[in-house]
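Below: the structure, in structure tokens.
For reference, chains read A, B, C and D in written order, and residue numbers begin at 1 within each chain.
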Amino acid sequence: MWTGDIMFANAYELIVFILNFIGIYEPINNIFKTLGIEYVLRIIIVFIEIAVLLVFALLTIMFLTWMERKVVAMVQARYGPMVTGPRGLLQPVMDGIKLIGKEDIIPAKADRWVFTLAPFLVFIPALLIFIPLPFGESLIISDLKVGLLYLIAISALSPIAILLAGWSSNNKYSLMGAMRAVAQDISYTIPLALSAIAIVLFTGSLSTVDIVTAQNGTWFGFIPKWFIFLQPLGFILFLIASIAEMGRIPFDFQESEQELVAGFFTEYSGIKFAMFFLAEYAHLFSVSAIVVTLFLGGWSFPILPYLPAVLVPLVSFVVFLVKTYAVIFFAMWLRHTVPRVRIDQLLNLGWKIMIPLALLNLLVTGFLLTVGVFK
Amino acid sequence: MNPAEEIKQLFPDSVVSVGQQIKKPLAIIKKEGLLEVAQKVKEMGFDNLSVITGIDYGDRFEVVYNFFSYVKKQNLVLKVVLGHENPEVASLASIWKVADWLERETYDLVGIKFRGHPNLKRILLPEGWMGHPLRKDYDMNVDQFVTIGEDGEDIVSTDGSNLLRR
Amino acid sequence: MTWISKNWTMVGIIKGLILTMKHILRIGNRPTVTVQYPYQKMKVSPRYRGLHAVDENACIGCGICEVNCPNATIQIVKYKAKWYPQVNIGMCLFCGLCVDVCPMNAMKMTGNYELADYTRESLVYGPDRLLFNKEVKQ
Amino acid sequence: MKTDELLINMGPVHPSTHGVLRFKLTMDGEIIRNCEIVMGYLHRGTEKLGEMKTYMQFVPYTDRLDYISAFPNNYAYVKAVEELAGIEVPLRAEYIRVLTLELNRIVNHLVMIGSLLLDLGASTMIMYGFRERENALALFDMLCGARMTFNYIKPGGVREDMPEGFIPKLNEFINDMDMRIDDYEQLVSGNEIFMGRMKNIGVMSAQDAINYGMTGPSLRGHGVNYDIRKMEPYSVYPDLDFKACMRRECDSFARYMVRIDEMRESLHILKQVVDQMPQGKAETHAKYGIAPMTGAPTAVSTYFPRIFTPPPGEVYSRIEAPKGELGFYIVSDGTIKPYRIKIRSPSFCNLTAIPKMVEGLMIPDLIAAFGTIDVVLGDVDR
């Protein structure tokens, strides 16, 4: 039976344990030891982790594009993609082939270097966010002591790249889209961070693993100790802010197709456009994962203590995915139900309502913790 | 009382004749008196200017104004007869805002000039189009090619040479 | 500001979410309605105005359809020692005036609507592709 | 700090201009300071074409003006010709015409609401709208063999009588629509974001709206209780019980709500039309140049003199099209072709109000206001 403790600090140790379990770690390690280059083995294992993460991320993104189409089709009484592969599952592959096959256009009056750099600058932070995400028990690339800070800092990088893309395109729509995106990102990162800090008050640690383990267990035997029940207002604020952070309807100002054609990536085509597209879906997944980690208990679930310890990493991974996809489904469902708000309404909502409410939430939480209500 | 008759009583000098256009009272106005008649027509409650039409009869142009009153639920048709050379009539755009575009359209397609119009440009056809298509002497055998130039202006030519990019 | 302070409960959005969820779950006569075109075809009505067809026996080559066509689509050409209409589908409005004016009721319009083709020439349907033989029912 | 005004060309190809329309916007940041509309990219010279076609041949061209709602175009033209020539129309034909007009009004408003919501970013409504529109188009297909360009209403009647089994299908549609409109209201009308985007946006006083030539549902959203069907009754509208839907708020939301109300009212009219549908003949009379489709073929010689020539004269005739007042001004010189046709299209005149309406608003508001005006570029450019 699983005791509730974390077995391995990160996925590196898990891999070493598995290799040990099979019995091949020692021989390989000895070979490297005799050569005097032990660190090469460490690097190889880290590279394996990164490769697994990349494959997982790309598969997730592909699946998400398919899922988006299927969800919108279900909402709109349609079938969605049906032709390529079973139920159209291979549609993202076809999309990728099509986008790679397209001409890569750089406008004559664009700033060529910045124009080329921007898609990568958007895509790389979207992947970097995956590093401190606890995908399951022991399944984490690196349990940073400042994990939450890292997450917020990395997601604040994307406005720079968006501004670069919008500016370098030399297009008025792109510029306006970029301006809007930056204004939106800045005004929504603050309530996002403030409502996350309220969680930190409970855990006393910025580490994502600590946040998840703090949510293990139940009250009265059936209510899971998730922070959503302690922080309902914080959850709502965080959810709204993270939908804004994802840049999806009702807050999709970076694109706002009907107003600014395609926002900051109006001038992009081919593989560079695909980069933005992939980054958007990577963002969708990672932001949903953060919501799950902070408020919905991460990979923890009340049935975990009743399972044999060997199965826990696997089951917790499945639990984490199910919760994340539930949040993603909600985002998609909401996207196809409501219209877009106007940019000034959005900023009003962010600065005049969400930030005061987040501060109030922080205040009340701190007060109650000091008084000792939650202990 | 018939609004056309009423106008005739008020402006005996300006009204040439009064008649009937199928179910609708019609008054033919001298072009000099159009503006003051129109002002009176607006005061009489004809707040909706339905349509402005220009008709080329070969020897003369006619400009027809159809009015409707939401208050009185009455129709009124005004007609101005213009000479074929250099047809020009006073603009009603200052009284009915909708006349702005309707007059531009009439200018564009029939070639009737409206004196005092704030912005008398072509509206449907590109600037620089040769001729006014709804005139009876418009030559339809001449092809005209339109492209958009560097600064968004329309360029018209008859030989299609501007279709070729540099 | 006013719009959110008055409606902070967001009941309307929740109602909308419920409606779309009904569509996702197909509750209450909200089925999927897509017709997957190349695999499934829509039924057109018997009156559908598609490609023309000319009754070989009835047509007398009078040319009334040619005169009445608003777009000069129809030409009368010689075929098998008689005169028959030839239709340029590329210019056709599918208005049905030729059918209306045919004095012998020889002109018909069929339900064939898949008329896309690779060349402009193949859009000209000569009598060889338009004629059909109506069986004499007696 | 020095700031500059930004000139933005919104269009001719832009996702939310409903076709090829161009707004030249002078922007101060996100605020529109001046809006100039450039059009004509879809100009096909329909009025000139009309001078070169016979009266019958021009009917299919009217379909292509406002292709979303083609029946009212047909009818407006045919009504003008009938007034010009003094043609009597069978009662059954008039009822069928009203049936098609009201059905087309529903179709038009479905497309309008759908595209409005699409412009605001909600992609779902247009799919629901098109789902019901598809049923209506199937009905049109049954009636006249075409789904969008009908050429059905002819001088003197309609092209063909209703086919077998049309009325049951229509009743099915009417019953279905009742529930669907409730669905739309649940999805759209109460949505707080939608109200935030629409309320107090694109405000214009009733006086201004009339002065700028707005007509139809757009004007009725400004508190002007006017409807040509009521004020100058035509066809069989005097026999039918309906009301002109009107809202007093003068903003985009009011204009949107008028459309929803009108769909309900149209359903109400359709129910009455189905109940009151008289028996008899509906096809156009042969002497106006069009023979009925059915019936035995007759000798050729009897068909030749049947070219329709109205007496010389002028007529301006108008109807309440789904978008507003649609009028045809026809000058006849007694030959087989009209001397001059002038089309007073509702979209063109309603569009006049946009520059005034959006001054000081933002691009998203321009889109919202423009969507509620409901223009079709085929109708604007003609």
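One rule holds in what follows: contacts are C-beta pairs under 8 Å (C-beta built on N, C-alpha and C of every residue); 3 or more make two chains touch, one makes a residue touch a chain.
Just so it is clear, the model here is predicted, and its values are computed rather than measured.
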Far-end chain from chain B, centres as C-alpha averages: A
I'd like the Å distance between the centres of chain B and chain D, where a centre is the mean of that chain's Cα atoms. 24
Would you mind pulling out the distance in Å between where the CA atoms of chain B average out and where those of chain C do? 39
In angstrom, rounded to a whole number, how far apart do the mean CA points of chain A and chain D lie? 48
Where the centres are mean C-alpha positions, what is the separation of chain A from chain B, in Å? 62
Contacts with two or more other chains occur in chain D at residues 124, 131, 187, 191, 193-194, 196
Among all residues of chain B, which ones touch two or more of the remaining chains? none
I need the residues of chain A touching at least two other chains; which ones are they? 75-78, 336-338, 345
Chain pairs that touch, as defined at the top of this document: A-C, A-D, B-D, C-D
For chain D, which residues count as touching chain C in their complex? 53, 56-61, 63, 124, 131, 134, 138, 141-146, 149, 151, 159-160, 163, 176, 179, 183, 186-196, 199, 289-291, 293, 297-300, 303
Which of the residues in chain D come into contact with chain A in the complex? 6, 8, 14-16, 30, 117-124, 127-128, 131, 187, 191, 193-194, 196-197, 362-365, 367
Quick one: in the complex, what on chain C touches chain A? 1, 3-4, 13, 16-17, 19-21, 23-24, 30-34, 36
Under the stated contact criterion, what part of chain A meets chain D in this complex? 72, 75-78, 172-173, 176, 249-250, 252, 256-261, 336-345
Residue numbers on chain C that touch chain D, as the complex places them: 3-4, 7, 10-13, 15-16, 18-20, 29, 33, 44-49, 58, 60, 62, 64, 68-70, 93-97, 99-101, 103-105, 109
